[in-house]
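Order as written gives the chain letters A, B, C and D; numbering starts at 1 within each chain.
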Amino acid sequence: MLSTLSFFTGLRLLRREGKKSYGLFILTLALLAACAASTVRAQSIAIVGGTIIDGNGGEPIAGGVVLVEDRIIKAAGKRDAVRIPAKARVIQAQGKYVMPGMMDANISLGTAYSVESVLVYVNGHSTQMHDMALEGAQTALKSGLTTLFVILGPLPALKDLRDEINSGRSVGSRLFISSNIVGFTGVLGDDFNKEGKAVVAAPTLKRVNDIWEQGVGPELLYMTPEQVRVRMREFLARGVDFVKYGVNEHVSPFIAFSPDVQKAIVEETHRAGKIVKTHTMTVEGIKMALEAGADTLHHCEVTGPVPIPPETLQLMAARRIPCSVLALTDEYLQDTRGHVSNTPVVNSIMDVNVRNMVKAGVNLLLGTDTNISDPNMIQSEYAKKVMSSRYWPRKIGEAHFLWLKAMSQKGLAPMKGLQAATRNVAEAHHLLDRLGTLEAGKLADLVILDANPLEDVENYRRIHAVMKEGRMVER
Amino acid sequence: MLSTLSFFTGLRLLRREGKKSYGLFILTLALLAACAASTVRAQSIAIVGGTIIDGNGGEPIAGGVVLVEDRIIKAAGKRDAVRIPAKARVIQAQGKYVMPGMMDANISLGTAYSVESVLVYVNGHSTQMHDMALEGAQTALKSGLTTLFVILGPLPALKDLRDEINSGRSVGSRLFISSNIVGFTGVLGDDFNKEGKAVVAAPTLKRVNDIWEQGVGPELLYMTPEQVRVRMREFLARGVDFVKYGVNEHVSPFIAFSPDVQKAIVEETHRAGKIVKTHTMTVEGIKMALEAGADTLHHCEVTGPVPIPPETLQLMAARRIPCSVLALTDEYLQDTRGHVSNTPVVNSIMDVNVRNMVKAGVNLLLGTDTNISDPNMIQSEYAKKVMSSRYWPRKIGEAHFLWLKAMSQKGLAPMKGLQAATRNVAEAHHLLDRLGTLEAGKLADLVILDANPLEDVENYRRIHAVMKEGRMVER
Amino acid sequence: MLSTLSFFTGLRLLRREGKKSYGLFILTLALLAACAASTVRAQSIAIVGGTIIDGNGGEPIAGGVVLVEDRIIKAAGKRDAVRIPAKARVIQAQGKYVMPGMMDANISLGTAYSVESVLVYVNGHSTQMHDMALEGAQTALKSGLTTLFVILGPLPALKDLRDEINSGRSVGSRLFISSNIVGFTGVLGDDFNKEGKAVVAAPTLKRVNDIWEQGVGPELLYMTPEQVRVRMREFLARGVDFVKYGVNEHVSPFIAFSPDVQKAIVEETHRAGKIVKTHTMTVEGIKMALEAGADTLHHCEVTGPVPIPPETLQLMAARRIPCSVLALTDEYLQDTRGHVSNTPVVNSIMDVNVRNMVKAGVNLLLGTDTNISDPNMIQSEYAKKVMSSRYWPRKIGEAHFLWLKAMSQKGLAPMKGLQAATRNVAEAHHLLDRLGTLEAGKLADLVILDANPLEDVENYRRIHAVMKEGRMVER
Amino acid sequence: MLSTLSFFTGLRLLRREGKKSYGLFILTLALLAACAASTVRAQSIAIVGGTIIDGNGGEPIAGGVVLVEDRIIKAAGKRDAVRIPAKARVIQAQGKYVMPGMMDANISLGTAYSVESVLVYVNGHSTQMHDMALEGAQTALKSGLTTLFVILGPLPALKDLRDEINSGRSVGSRLFISSNIVGFTGVLGDDFNKEGKAVVAAPTLKRVNDIWEQGVGPELLYMTPEQVRVRMREFLARGVDFVKYGVNEHVSPFIAFSPDVQKAIVEETHRAGKIVKTHTMTVEGIKMALEAGADTLHHCEVTGPVPIPPETLQLMAARRIPCSVLALTDEYLQDTRGHVSNTPVVNSIMDVNVRNMVKAGVNLLLGTDTNISDPNMIQSEYAKKVMSSRYWPRKIGEAHFLWLKAMSQKGLAPMKGLQAATRNVAEAHHLLDRLGTLEAGKLADLVILDANPLEDVENYRRIHAVMKEGRMVER
């Protein structure tokens, strides 16, 4: 049934979104559907007796039932409202808490590699990078993240990995991918690695960067809107699920694109039925992203030494623009404020911004900005420089727990925290009819916890089981 | 008489410009006037018999007379239209050509110093820098440049030098100055010198950069329009004659300021009665400068590998925005196209852009982007890196001759070339009632050439005499 | 017959050398013998009618015969002194010149790689490095170099290549190998590559450098003579054919080892029956090498800005220490003296030194110091820095011709030049009973030229045929 | 009387040392004498009642008297053995301890400056450097160091400062100076500062380095013994009080000079009547210094990762070669062993070496290797790199107290520790007849402590008074 359903859902989405000028992720979901069709019919599963926190923000349902058939939730609700088929496999969840699978709106699999890793990769031995990325996706899944939005990486490898996981050939978090942050350099370019140039031959540098840049690298910074449109159309045809572009440069406050070029990027992406994420570093960058019509903001609380002013916060809240933040815990802030090598001012402004965003009711998303890293890299001089403590805590499988804790510390209500990690991300990516809550008809992504996450944010770590698309994940 | 006249002119300007919201250079001219008042009354001087090319673009007047009294041109025209006072000193100019003093719209006195020079300067021994800058202004004057717009340098030293020269205490080209290009770092910051950081102590770095930045340095890149307005008002109160801001970063295609911030910079400068120059590096940068209401563009033909498209050229021409260009000669282009270390693509696009600007009738200005340099610097490793051949030909006293030659090669008509170096610059800076042509009532800045510059552009080098404010310059 | 002969020769050598305390290259030659035994019996070959320049310095023999059986020269002499077997294959060499195969006393296969190549190599994909090294050995052979002394490279790869070529499995110049220059760093250490450290992880750096250093790296600089002896014994047991040690640091005038340590290195190497080469950079370094009892000097004319004084030259001549020099041609010296990036003083001292060595009758060897290079490397920033014009002309297959030309320009008599490239090298390495001249009983390594190399040094390039161990080389 | 005495002493020394081929510091002492002659006759001073520890190693004399007249000790001994003149000023020292003024055998005033300081200095504004160096000499004096051997600095400034202090015009520790460590680069050369090259023009670099190098810089590394002799003779004629040469390179294990060159340096220095200090970094370096006939070793416990073997220790002890060591306290060793950026192995070997030297009875000297530093420097990136914690504790005025503590921790007997900081240093520099102990006829340099330093090494810090040449130092 799923395959047909998905197929029709796809068509329906195409139709509906066609009007709205974008129909996100259709092909990816269709692919899922096609793969599912070729597998044997799975047993019904009933998760019985747990407290269901369905992600819609209402009162949790004690002693509820989630009924899963194939990959789909058939029902989720009170015990007496759900008919459990006789043949269903019953999972007892008394005393447990059942919530939607978590979703990370901004993660990377394959950026901050060492020159060593990169060279090995581009010399044709990509198993190392593939294996590291797959391990990242598996670690994420086991820790409750059922969906990842991968904003950066080498496109050929990411596509292979996405198709491998999303078709069920490998186990891991569901992946939606992009390749380059539009306007950025590749992994051995100035945005990521200034050292490589000194030792890597020019042809290799170009070969490496081309793989990451996919035609939307830094040469776009010189172009007119029409020229950028041509590049965007080519890029969108290469199999990315969404686009992220640099409103600002990677780490500096410089602006990458004029308003006209930003509009061109957004329009072309929407025309291709995909959403547009943005990389901002300044208050003005946020405003420009909003004006350009971008769909999401990321690490939008990073605004250098200048806090986001009230009028901008109100604008963000009014527009309901989804916004992923990095969310530094109190412990982290206290620790690093004393460090010479860190940027305490920027950290404290990040803190202030997130608190103000919570108060202003900005539409917040979990987005950890984590990355997988070559183990060798940690010991290189380069890593010692770039891997400041600001990045260290953001480890896949750990960072989202810290995020939930940090947001709690900053005043986000427990239920809103849970939604930021589930429903909000699905909605932000126009995937709410398939993902993000425990409701009939949605893909059966869920996490069973041993204790109530709404009572204590540390309870997110107490994972009893993870289900992705109706299958229990071995942990 | 001059002093009174100037004073009233100043008042009149203030009144008139008050309505238009800016009254440029009033204080500077008033200062000139005040100084003039304290000097002894000078003799009348009649330059008789030369061909007058008055800068207004009309037919040259053969056998004409320019009559100068004090610092002012009393008359310029046909021999029989000018009454030469009996007591006037007569300068025979038969066979000569008399043209307005040339004006450089974009020059720097004190940027690309070596760390060595800078450290000597900031340790209180600024005579070296003062002497180098004065020498630059003298070299310029002797080669026919009677007015310079100094876009960059250490404000305290530039102010002293400006006041010293403009009051007549020292001989040199008349100076109008700014300090920092708004948004740029100081001379030891990333925009100019990445090496200094490695060896200069942080307090010294800050002390040096503060002198150049004058509160409008790179921290503005993070700010909101309102925050930038506050900084601009403070900066404008510090004695600069005009403002130049970075639309783009110094050498990269990144954009420095959002449209709103650019408008804030322009409005605050206009409110202070001064004009706004811009530093652009991309086509989009040019368009943003136009939209922000900037008064002039500089090196606007530098647009990386992307030529300025026809519609932008038309916009520039229609707006009559004054535009200084660097103008590479054919010889230079041929020479460097073969160099590995150069950027032949960018050079050839510069060439294409200037040719197209000539065809489109863009309002062109002489602006050499020359700089004075510490002689030590030329031998440093740093200099070898930054002083690529792109910069080398731009030597004070030489570069404007090359500019006129290059523009001739690119198809600019002889008379338009002469105007680009005289009248256009005066008009662009709202100084046409005082400078830029040989007309009664203007300051007596003129160059007497041995041969006709309209016949052969090399004749600009054949300087017979230079007069600045009614005084012959010793050469 | 060869195999038996070789075997007994080996035994005899072992016995004889045992007394003299070293019996060089026995195992290598025995290996050759063993391999030969397993091949089919080869035909006799008679090279008839050419002028034989046998390498012993006597008058060339016009219309001579060289008779080869299996891998061995059976006879070489006047036509009537040699009985040509009926079944022999006759090669007509009328008008040709037959000389011994040339030998390069100082070459490297695997040093100046790019970080990129090195990383690919150490990640287990060593075919690239193997292929480049093999290509180098083939190029050398085709251009008349039948034997190479490889002073530097990754030992495991060099051993494989040596065994592969010397056993006849691959075609290439006969190889005698070492690994590290004792006291130097590995290929990613300071002696060869300062950039690698910035980008390569510490464990990889160590892994790479260990492969090159083989336990005799820079840590020896701290050690006492006894400690160094232990390391040397371990190193000598790893399959190197000879030892080269740094008297001086790689490129600076610093001295690497005290006299006592140098003596320890020499004694241990002699005890193992191998010869000791030296790397010197100063006059004092040469003297210390002599005092330590080293067997050969290399690039001994590189003495910075201080020429070798007469007394040292006399010492070198009296000791008959074999000495390979780099030999810059007049053309090269004239060209580079004008280069800013070069060191004209050092070059001109090199020139003076070689001329003085010729006059003093120093025992000179061909030693090109060539290296194979990853083609990518030439385009890296690193290569641009290290590959100054001083190194560029030294390309495998070309450098020995330039060397012979340069030595001729410096006054070396034609016959002495030929011996420097043949007999002297064999003698210097204690291989004169097997290699270096055209005499009965020696391995049949020879070059047939179309013109007389003693008349014009350019005639070395006119190679008609190359024979190595009795087999004609396909060119 | 002093002046005459000194003068004759000088002559006598000259005569005696003439035979022995060196007569150290005669001119300096004669200068002292000459200056003293021109001052008014000073009162006798009697320090009465303290415990005298005279530096000769015998039992301290309780309730003793030290009688000083002019600058000279007239008597030191038991109360009843000394006749106190009636007119003598009596200083009560009951309960106090009187010891000789301390002497630092290896200190620097003017090496590790920032590029900033150096540039200011060489642009003619040397007051900053002079003032810093003078402040260092004053701090040293107030903390009980009455004599310093300054091994490194800009010679013109050091000579001025030495003459100024030693003639009594300024107050500070008595200075004996050298300039360059023979073979090292100047302060902006590779031995001290690799960053300067990137930013300082070549002519300035040369000008700076020449001031420090004084003709005995790194070009000597290429020279023959005879060439080095010429340079040494010129250097010795420039007013240095002693010579220090690099046996090893500054921080690496490389050897700077061949045995023959080292002997040349030693012989020429002895011929000029001066002593030779050495800079070593390896065990072999120590042995070479001994063989060359050097007079002192410095930081001779720094031998990289290789401990000094017993036979070398015995050699050092047998030769009674004076040896200054850096002496890390237990606290320091424990602290830094945990640091990543440090070299725990080298530190622990330093510790082992010093302990073994104590056991072997090596002739130890206080030598702190302290330096004065431009306060700006501490904040530069350069400083952060070079000023590892290995250097930090070595602050003038503090380091000798830590040294005495460390040596106590390493097992040096209390009396031997005191002698290492007094008598041994005087003897090592052939100054024992003038300095180093409390004995009649010697210059009256002494320290009065509030508590017994032989009981608790911390009591060296409890300084009650310092007398230098008969004058009480204001503290």
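Heads up, the rule we're going with is that a contact is a pair of C-beta atoms (placed from the backbone, for glycine too) under 8 Å apart; a residue touches a chain by one contact, two chains touch by 3 or more.
The shown structure was predicted, so the numbers you read here are calculated from the model rather than taken from an experiment.
Trainee: If we look at chain A and chain C, which chains touch each of them?
Mentor: Common contact partners of chain A and chain C, which must touch each of the two, are absent.
Trainee: Tell me which chain's centre, taken as the mean of its C-alpha atoms, is farthest from chain C.
Mentor: Centroid comparison gives B as the farthest chain from chain C.
Trainee: Counting in whole Å, what is the centre-to-centre distance of chain B and chain D, each centre being its mean C-alpha position?
Mentor: For chain B versus chain D, the centre distance works out to 60 Å.
Trainee: Between chain A and chain D, what's the gap in Å when you average each chain's C-alpha atoms?
Mentor: 65
Trainee: Can you give the whole-Å distance between the Cα centres of chain C and chain D?
Mentor: About 52 Å separates the centre of chain C from that of chain D.
Trainee: Out of chain B, which residues touch more than one other chain, so two or more?
Mentor: Residue numbers touching two or more other chains: none in chain B.
Trainee: Between which chains does touch occur?
Mentor: Final set of chain pairs in contact is A-B, A-C, B-D, C-D.
Trainee: Mind pulling up the chain B residues that touch chain A in the complex?
Mentor: My answer: residues 218-219, 221-224, 227, 249, 252-261, 282-285, 287-288, 303-306, 309.
Trainee: Taking the complex as given, what residues does chain B use to touch chain D?
Mentor: 114-116, 119-120, 123, 125, 193, 195-204, 374, 376-383
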